[in-house]
Structures are given as C-alpha cells and as structure tokens.
Amino acid sequence: MHNKVFGIIGGDKRIVYLAKSIIKDGYPLYIYGFDLLSEASGLPELPLDTLIELSDNIIFPVPVTKDGATIYAPYSSKEIRPESDFIISLSGKNVYGGLMNKLVSKNDLWSMVNYSDYYTREDFAVNNAVPTAEGAIAIAINEYEGNLTGSKCLITGYGRIGKILNKMLVSLGADVTVAARKKSDLAYARAMGAKAKPYNEIHEAYDIIFNTVPEVVIKGKLLSKQKENSLIIELATLPGGIERKTALEKGIRIIDAQSLPGKVSPKAAGEYIKEAVYNLLEE
Amino acid sequence: MHNKVFGIIGGDKRIVYLAKSIIKDGYPLYIYGFDLLSEASGLPELPLDTLIELSDNIIFPVPVTKDGATIYAPYSSKEIRPESDFIISLSGKNVYGGLMNKLVSKNDLWSMVNYSDYYTREDFAVNNAVPTAEGAIAIAINEYEGNLTGSKCLITGYGRIGKILNKMLVSLGADVTVAARKKSDLAYARAMGAKAKPYNEIHEAYDIIFNTVPEVVIKGKLLSKQKENSLIIELATLPGGIERKTALEKGIRIIDAQSLPGKVSPKAAGEYIKEAVYNLLEE
Amino acid sequence: MHNKVFGIIGGDKRIVYLAKSIIKDGYPLYIYGFDLLSEASGLPELPLDTLIELSDNIIFPVPVTKDGATIYAPYSSKEIRPESDFIISLSGKNVYGGLMNKLVSKNDLWSMVNYSDYYTREDFAVNNAVPTAEGAIAIAINEYEGNLTGSKCLITGYGRIGKILNKMLVSLGADVTVAARKKSDLAYARAMGAKAKPYNEIHEAYDIIFNTVPEVVIKGKLLSKQKENSLIIELATLPGGIERKTALEKGIRIIDAQSLPGKVSPKAAGEYIKEAVYNLLEE
Amino acid sequence: MHNKVFGIIGGDKRIVYLAKSIIKDGYPLYIYGFDLLSEASGLPELPLDTLIELSDNIIFPVPVTKDGATIYAPYSSKEIRPESDFIISLSGKNVYGGLMNKLVSKNDLWSMVNYSDYYTREDFAVNNAVPTAEGAIAIAINEYEGNLTGSKCLITGYGRIGKILNKMLVSLGADVTVAARKKSDLAYARAMGAKAKPYNEIHEAYDIIFNTVPEVVIKGKLLSKQKENSLIIELATLPGGIERKTALEKGIRIIDAQSLPGKVSPKAAGEYIKEAVYNLLEE
C-alpha cells in the first residue's frame, strides 16, 4: 500500500486496538468519536469534517449502526448522524464498515460512495469464530457447576462457530455430540473426535448445549429430555435457536452470548477488522 | 429398507468388510470374485449370472475398474469383463460403484442401467480422509528419523485431507504450517492451532511436507529451501503436486502414498462404502 | 460399605453437592450449618448434637476452619465453635475434613478423635487440579484482550496444576512454555507439546503467565521482560510466586485466583470430596 | 564444557546420529565399530586403542551389550570384547553406556572405571517414551483394520509410556481407557481426557490394547472378553505383561514392539543419548 491515510469514525474498544495496530504498521491515522474513552487518549483526534477530508480510507465500526440513524459510537459524547452532506463528503474515499446494509438502505446517496462491508467476508467471519468459541468456553466453565472435562456437550450447527467450538471442546476432554443436517458435516465432526448425528436423532440429556443456529432447532423432544438446571448457551443472533418458552418451563438455564469477540478479545477483534480492510484494499 | 438382496462383484479387502457388515445388518448378500481370498471364505458365493438375477442392489468396488476393461477383482481367479450381456442384465437393479466413469464411458448400454457413483459423494470422501490422514501419520512416524512431536511440518492444501491431517498433526504436538490459497482456509487452519500462509509466502525448511494438492505446488523456491534427506509424503493422486525432478536432484525423499484407506483401514473403508450405499438407497 | 450414616457440618456449595451425591448413593445423611442457603433446603437438617450422635461418619468442609476458631460455615446463621465437649462427642466416629491441622493444633483433645484429612490425599489434589486449570483458562479468556489460541503463555511449575493446565492450553492452540526445575519434568512438558526450560533460561515476553509455584519464581529478570498490561494469573496459595512490587511497578496486571474448584465447579469439587472420603473409608 | 574429546564404541544408527550431533556442537570425536555402515562413512574412525587413548569421554551404546560378552556393535565387522586390558585402558576416562550392569557384573576391574549409566536417568527415559508412543501409534494405525479415530483402546499402566501414549491417543480421537493401580494415576488419566479404572474393573472388549507393564496384567478375565482378531501391542520388555497362551488360544493378535526409539526415531534417540551424556558431564 502507498502512503495511505486512515480515518476512523466511531466504534467500541475493538476499534481502538484496530487504530493502534494500523499506526504500528506505519500509516497516518485519525480518529473521531472516542472522547469518552481514556484508552483512546493517545490517538490523534480530528473534527469529523477534517478527518474525512484528510483520509483516503474511512473505517466505520461493526455494526456501523445499531439504531439505523446514528453511527455506533458508544464512547462519543456527541451523536454522529450520517446526513446527506456527510455521505457526499465520503465520495471518492474508500469506505469500510460492518453490517453496512442497515445504514445504506436509509439514504440513496450511499450509492455514490465506494463502500465495502468487511463483516460479510468469509475470512473475517472465520476469524471472529475463534474468540466466539473461546468466550463460549469461558461461559461454560464458569456457569456449569461441574467440569468441562468429561461433561456431555451438544453443539447444534456445524458452521464456522460449530467447527471451531467442536475442536476446542473435544481438545479439552468434553464428550461432544454435534447435531447437523449435512452428512458431510457429520463426517467432519466425527473426524475431529466428536459424535455426530442429524437433528432428529438427538434424544439424550446433555450437561451443556451450545446453539450456533439462527433458527429454532432446540425444541420439543430435545428439550423434554434435558434436566432441570441444565445449561444452554445461545451463540446465534437473537431470537436464536431455542424454543424459549418450553425451555424456561423446564427450568433450563439459557445464557445469551452474542457479540463475544468484542467482549472477550477486543484486541484480536480489532486486528481482524484491520486484516479484512487491508485485504479489501489489496483486492 | 425392505428386505433387499445385495450382490457384490469384485473388489479388495474393503469389500469383504463391506459384505460382512451388510450381513450383520440382516440383509441377504452374495459375492462373486473372491475365490482367491481366504478371508472371504465364509461369505455366500454365487455364479455371476445367478448373483445378478437374485440381487436387488449390485455393489461394485472402488475403483470399479483399473484398466477400463475388467472389473477390479484382485482376488478373483477369473477376469470379470462387463460385456453387453452383463450390462443388460443389470438393468432394473440398483447399481453402485466407485469411479464409474472409467467403466461406463466404454459402452453406451450403461445408459440403460440405474447406477450411482458412491465415490463422488462428499460424505464418502470426508470419511475416507480419516484413514488417509492416519496412514500419512504412520508413514511420517516410521520414515522421518526424528519424532513427529515437535517436528516442523508443512501441509499443502486445506481440502478434506488437509483439514483432518492438520488437526491430527497439531494434536500430536507437531509445529504445523498450512499452505492454502483461500484466506478463509488460512483462518480456519489457524483456528485449529496451525500456522497458515499463502503458497507464495512459504520459504522455510521443513522436516516433513505432506502434499494433498493434485497440481504442482511444491516446486522451485520451496524445494530449494529443503534439506537433503527431508521427506515429502505425496497424498494426492499421481502425478501429484511435486516437481519431482528438482526434488530428486536435491536429494529429497518422496514417498508416494495413494489409496491409504484400503491399506491401513480396510474395515473402516468397507463401512464407509456401506454407509454411502445405504444413503444412496434412502435418498 | 455397610449402612453408614453420614453427618455434614458446615461448608460452602461444594458441600451441598457432596451431600446430594451421598444421598443419591443411598446412604442416610444429615446436615448442619446451611440454614442461610436455599439450595440446601431439601436436605435433612438436625441440631448439631443429634447429628453427631446419629452419624457414623462426620464430614467437615475444606478448609475445616479459616480463622482457627470456628468451623468454616458461611451459610450458617450461628457460629460453630469446636469446644472440648464438641470434640469429645466426636470420639468413636470417623471424622473427615480438609486442612485439619489448623483446627486440631488448637486443642489436645483432638488426639482422641479418629480424624483424616482428605485434602492431603494425592488423588484428591489431582482431581481438584482439573477445575483449577479450567478456571484459570476461563480467566485467561476473559481477561486477556487477545485470543488464547495462538497466545504466548508461560506456566511456572509442573506439578499437578501445571501438568493439567499445560495439556489444556496446548490443546487450545496456545504457544506454551513450561518453566520447571527437574529435567524429567521438562521432558514430560515437551512430550505434551509445549516448550520447556529451566527457570534461569526464561527471558521472553509472554502474553499470559500462569503461576502454580508457592515460592517467588516470577521476579527481576523475567518481570523486566514483560510488557505493560501483560497478565499474570496467580494460582498458588498466597503470598504466591510473584515479586509483586516489581510487577506492579511495571504495570503488569496480577489476577489472584485461589480456590477455583469451589467457584467454577462446586459440583465436581463436591464429588471429589465424596470420592476421597469413600476411599478413606475403604482403606 | 572444555574442549573435550569424545570416543564412541559400537552401537546402531542412533549412535551415528549421536556422533553427528556432538560434532555439530564443535567437539572432536572418533568412532569405532561402524565399518559396515555406509551412513557412518563420513565420521572419523580410529583403531580401538588409539580412540580410547585420545578420548576424554567414551560413549558406549544402549544396550552396551546384548550377550554379556561383547559390546553391542551390529555394524562392526569385528567383535569388540571388553577384556581386562580394555577395561584398564578406560580408567581415568568418563565412560557412559546404557544398561551397564549386564557388562560390569562380568569383570571386577570395572570397579576401577568411572562409568555412568545414562539409561537409568529419568529424563532419558521420559524422552524415549515419546518415540515409543509414536511407534506404537504407527503400529496401531497399520495393524488395526479400522481407524484409530473412534477406536476403543486400553492402555495398561500409567508410567512414562502410558502417560504419553494416553495423551496422544486421546488427541487423535480414540476412546481411551487407562488401567492403573494408583488412584492419583487414574485421576491424572481422566484429567487428560481418558476413562480410567483399576485393573479389576476392566471387563470390556477393546479394539486395541497397549501394554506398558512388565508383569502379567492382561490375563484370564480381561482376555476372555476380547474378540478374535483383536490386537494387543506389547510395549513392555519381554516377557511382558500378557498371558500369551490364553491370548493365542483366543485368536488374539500380539505384536511385540520393543526398542521402538531406535527403529522409528534414530535421530531423536541419538539426541537423547547426547543430552543425557551432557547432563551427566555437567552434574
């Protein structure tokens, strides 16, 4: 890359690590929207319009917006509203953000901006599955009253998180069953040392269930087999994959565990955004 | 499945395990083409035409043919030639074989036969990657003069064999690097505990290289870094992925290791054929 | 065992799981000292003197006392003071407790009592090292701002906790170095997939240091290499193995992590007490 | 170490790797007893008496003798007989060998020689357990007709080899049970992800049994449960731990697998001898 200037607008602690990592790589970088965060105090701040003017590459956080109206900037004392002027000032820049759709669908002017969504990249998603799986393991260790070693675990789904979580739980000596639809996924899960079955053959009681599927797969029959006080860790985007009413009636404990990368590994999560942005720049 | 009759024609030891496993499941089964193999002596033999007449499902081996002209039947005292009469007698049956193309391309009459190739199923291929990876590990243990634990290994390719071999080598304490093209594959390999790089960044000397890619990826620059007497295990279908002339000039040892499932785990390999055939019957 | 009656006096949640597990095995059991804990509400309570009278085997918690003067009973509304009458009433019973020395050294009458310390059993200590190692991993996942996968970890000591923690961290894909004195321990740690060195050869910066040694091994030179904000998890009994003044001056974060089994796996910890008591009864 | 001269007398391929490794460290070194081995051709040979005269440290192989009468020197065209003159010439030297007892018990003159047995060092033994366990795994992969992944394995004994083999088999996804006497060993084996039981509770059929115990522990009841064609790999020094007559009557296959380090990892085995000799020199 040539001597590119980066501008960062909003975000949480991950973005601070992202900023520090880009600076370490030797690129000029400015931030906006972190005046309430002491960890960001060493980073060069600029007013929003100057920052945009000086930067070649603008990085927004993931998610770029939570409410659809303002940029997600929990450490900013002021709201950042992407009005028309703001969007127009981004034209000619390389713009990067996570989950951009929720923002760009609100204003047609975004069609003039050269933006890319790093969140939809497969490599970014795989990378983030690592801290997600680690965070799930920490929750399981702390919340399950027995040991993870030797515990009977069910993982529903064998996508990115399912694959990595399976490997980790098996490595730690848990007795893992993977539930998945595709026969080749079942074969892979077995190759990694787990048991594996299609959903309709899962009938046993488990100490801990990890759901990774964003549609209801943990329901009636399976729930009816679980013991009171058993534990389900919901890793999928809410509303998730658990028939909650039934589960709660059974006295099953559900722990919602979304957005783990930012919580348990903000530094790694920041590096992954950087890696994705660099890859987008090169491609 | 209803009370189906299976007929098995030709094949190696895997097929004997396949036959025993089907019988254990309670289905009638006849074999042809094993008169030279003592392990098959307890299985019910029939003349070829009677076998076909009585069977609902005919299973051929993998590969169904090696020479394109005869059924692969290393334990048969007689050649089995799939002439036109033979093919016609198969119509109305469910016919299963591995790598059927080499056979069916020789005679148009095959278009009348309801045949399926179990070898092309993804679940079958994943299953077979397990004994392949195990066989590769046994070769590495026996042929590399140091320990696998702590050895510096390179795996080229992150397909089915690459994935499973990576997990196993990492588990055994080897220092593993995976070379692959896709960024998401590199991310997965790292999540599994390996180092991972694109091919053009692989410059170091390795104790053992495992190739899983069926095109030349181990060449010039990479080979020039390897020490005399270092070891490359070729797991891809020949001609494989190694620039052999260069490698041999460098004094590198190449071990060709194809068809490992039948060699190291004939029982598991037989079970996988059964599983694939049953899945095909159900689908 | 014959139809033995168990009496349980004081303790934390582990003891509740212990009680439930003994009841599940079919033995009569009474408790005293849990009136403030709702989880214990289903267990049969008795006044202290009646409990002792009816019981063949009396189980005290671990530690049996924290202050040397009262039985450790955080969920009791009344203090339990082991006065002379109390001690005399225990004679003729099998008495079990953890870290009994601190209690029995206070009153000579204990010499009349047949007591055993389950805490000093090797199998009990090994068992407890599992939840300790798991708890340490959960802390590391939550507190280290990067991923555990790929992080650079140092474990000081290769005793029970060191051995099990090493295996778990290596399994999770961390880059682990073990520091230990004995050459055979170094050899074992390497066999398990770690790097291993004597203390005087440990000079690098680590992302996370886990101390398991109850004497100061993390000091001057080693501390001087660590980065600001690096993390040390102290698993040894306090005052532990870290030269704290030096570490804090360097801006290193120290997390004290004692008594993890009772915190992260009270059920497993309760089962281990039961297993140890049963073994003592049989021996 | 000061500028020490090493002399090497007899041994197999491990000793050649040992010699090369010492030379790489910069020490002068001479060999005797390798005239039939082409791999040794680059190493400086001397007549036996000159070699002893010039050397400060004499290294004998492991075992130093097989027949009690000659030095073990399978690649020597001449017998090496440690007669009295020979022994006397060793006085004043540092002499190292493996399993020295069998040799020194034959001649009282050895009492004048400063010899040490590197084979009895704990670190040497632990180191050698790694290639032993790897070799056992290669045998299991090649000889068991199913996959190791998912296979049901029994390890008898939890000493050096048992510990390391357990870790490796568990890592590879086998379903491992460890049989051992000490309760703390059972606890360790479970912590590493295996099942574990005392010998008298082992009643099931296993796909593969690995014996590491040099006294008969695999007998009557346990053997009676094993299937025909099941596999026992004998890793202990012969006569080993299997009631052979009973096993052979049952049609069980026994594979004797001694001295694996020299066979599967001569280079590592040579390095371990060097490490042990250096440690002895320093201590």
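Think of it as A, B, C and D in the order they're written, each chain with its own count starting at 1.
By definition in this document, a residue touches a chain if its C-beta (ideal position, glycine included) is under 8 Å from a C-beta of that chain, and two chains touch if they have at least 3 such contacts.
Values in this document were obtained by computation on a predicted structure and should not be read as measured data.
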Exercise for the section: Average the CA atoms of each chain to get its centre, and name the chain whose centre is farthest from that of chain C. Expected result: B
Handout entry: Pair with more cross-chain C-beta pairs in contact, given C-D and B-C
Key = C-D
Exercise for the section: Determine the centre-to-centre distance between chain C and chain D, using the mean Cα coordinates as centres, and give it in whole Å. Expected result: 38
Practice task
Mind checking the centre-to-centre distance between chain B and chain C? Centres are C-alpha means, answer in whole Å.
Solution key: 50
Fill in the blank from the handout: chain B touches at least 2 other chains through residues 130, 149, 171-172, 190-192
Completion exercise
Residue set of chain B touching chain A in the complex reads 121-123, 125-127, 129-130, 133, 163-164, 167, 171, 182-184, 186-188, 190-192, 279
Handout entry: Complex interface listing, chain A residues touching chain C
Key = 17, 130-131, 134-135, 137-138, 141-142, 144-149, 168, 171-172, 264-268, 271
Exercise for the section: Flag every residue of chain B that touches chain C in the complex, lowest number first. Expected result: 149-150, 170-173, 190-193
